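Next up: some structures, all given as structure tokens.
Consider the two complexes below, in which subunit A is the common component and subunit B and subunit C are the respective partners.
Let's look at the complex of A and B:
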């Protein structure tokens, strides 16, 4: 495993992303709420560019105590979506939002001073 | 470009470039050597409404043409063709929908739809695609029979005279029939059936009422069979249909609708002995997935044994007639591999299944969805991806390796 320089932390605004190629893999690095997250850019569905699509808040359906629905609402959890078919992954875990066994390969990201590295 | 996400938040994504979007598909094409395999996509689409300015002038009736053209004039609010409810783009999650207009093409090159088609075919390793419209799949919902006839006529002229000739032979089609008018259907078959790039005719099954067994259609089927062409039935969703108004999510209406309309009309087709009446006419059921096929086979075989007096034309079980027909693979439900393998066995997929991408629609399938199935033989892979379609549509291999594989797996027929 080697550390691959990605860029300066100061150059990543919250919500930014970067796609890098390392060996045979492509890696998507997101900055979300001050943290860096890095995942394989190959969707586990049909191999689409999983990290290159829309980032969007998770959707939940809220129920009242009597089990009646209050409708659909965005939560504060963020997902990223493969643009090919809509496979939706949790930003913090890389898991499919409905099937945790479907999980993108996750890479460690380290910062040294203002420098950001992905470990691959 | 910016896309709207949650709470109005804007997310920057690159403008659409199909070649770049499908770069990973191109990698699969290289890794799996799809260039050596004839890959025929029997169901792909374009958005013909973007070309209505070219299409509508082909309408024949002056009054209806004026109505259609005027409705599209600047500031007009009319709809020329029926349009359905729905969220195919998933709120922008499938980015090629909202970004579609941002894609650049060569203004001096072939028609924009041809350029876009070449991009995704090249990326996926597809050699030939059957081009279908998108909005026109709902033409059966038009309240005016004569407008359905006019729009089908105009589209069929445009696609055979303008679009397909610019494709270099890589795009072919099965032309939309105005099924509400059997006489008009016959005229379409007689007029367009011999044109280059026409592999057959298509009936959209999204209709409020349709009897594929009606005597009025026998002359149409006979004309198609006599010409050695294919008849296909293309399904779709119709959330506004009475049946689906109980669905409160697009997912439900979409998942059920695409299967339902073909379930309905395939059942009628089989039970009324259409396979006995037109045994030489290949019939394809398109875009319903596969999981409905074992269900219908079991269901109507069961009732056939109890009520044979209602289908006296049948000389074998309904499922046998279903195995005599063809099915496009997309959207293939790869969830329970055992169930999928059983489905392939029950439908004799090696000889009845045809690869389809459905690109650029949101639930498209790549050729690898077939190629990577662990239970398929090499012959089945080659047959499904293109060998069987090669025989149906007489599409020549595009290189010597493809020809060698067609010969190896017993599919090669000289054009």
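Let's look at the complex of A and C:
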């Protein structure tokens, strides 16, 4: 595993993504709230392009103490959704939002000054 | 190819022949056993093939997906009329009247909005299709999406494939 240069940090606006091929791996690199996250682009469901779908805030249903619903709300946690059948992954961990044991391969991202590297 | 045993034997030889300036064995010249061991170790290291450097991998950018940029547009008479019409339809619907528009009027409005929205998206002016998550229900969205796909004879899997190819 070595650091692979993938671009300049200044070229990534918040919310931007890049899909890169490094050797045998296809990797999605996200910039979210100033941080970089990199995951395998192969969805754990059926190998779809996991990092290329919608990014959407997590939705939660808030309940009163008596369990009546106060409706659905967006939280501050961001997810990305595989466009094939909708597997939804947590942006910060790569875990499936429902089943934490389902987790995309995560790659370390290193920034040195303005240069961004993925360890792959 | 020589076996590791042979290599070891060869490497050990120079150490055995170590002599000091006066032609005496090196150990007699004050070279400690530890120094000798270090010397032999260094020789052995030198005989080992260098660890193969990891070949540089090619990084190929497959696609760049930009964050949506908020679209700012000044209000104009057409937009004002559209907002008034939407408010009037919402008010009628809230009052239980969902027959406010004829099917022809609904179809014309739907087609015009569909084309307008798609043209904006394709031009890069991306904005959410409704203002917030609760403007329409999930059921409303599924009924309309299903009806639009059916109207143009598309299947859901074709939509999924197109979305993954186009990144839209």
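General observations
Everything that follows uses one rule, which is that the second predicted complex is superposed on the first by the 120 of 120 C-alpha atoms of A that agree within 3 Å, B and C clash if a C-alpha of one lies under 4 Å from a C-alpha of the other, contacts with A are read in each partner's own complex, and residues count from 1 in each chain.
What we mean here is this: a contact is a pair of C-beta atoms (placed from the backbone, for glycine too) under 8 Å apart; a residue touches a chain by one contact, two chains touch by 3 or more.
None of the values given here were measured: they were computed from a predicted structure.
Overlap between subunit B and subunit C is detected when the two structures are superposed via subunit A. In the superposed model, A:23 makes contact with subunit C only, not with subunit B. Of the two partner chains placed around the shared chain by superposition, subunit B and subunit C are both touched by A:15. In the superposed model, A:71 lies in contact with subunit C only, and not with subunit B. Contacts of A:120 after superposition on the shared chain: subunit C is touched, whereas subunit B is not. In the superposition on chain A, contact is made by A:46 with subunit B only, not with subunit C. Of the two partners subunit B and subunit C, more subunit A residues are in touch with C. Looking at the shared chain after the overlay, A:5 reaches subunit C, while subunit B stays out of its contact range. In the superposed pair of complexes, A:83 makes contact with subunit B and with subunit C alike.
Put simply, subunit A uses residues 15, 48-49, 52-53, 74, 83-85 to touch subunit B in one complex and subunit C in the other. Residues 15, 42, 46-49, 52-57, 74, 81, 83-86, 88 of subunit A touch subunit B in their complex.
Contact residues of subunit C toward subunit A in the complex are 54, 56-68, 133-134, 160, 163-164, 167. Listed in rising order, the residues of subunit A touching subunit C in the complex are 1-2, 4-7, 13-23, 26, 48-49, 52-53, 59, 71-72, 74, 83-85, 120. The part of subunit B that touches subunit A in the complex is made up of residues 3, 5-7, 11, 13-14, 21, 23-25, 27-28, 90-96, 362-366, 368-369.
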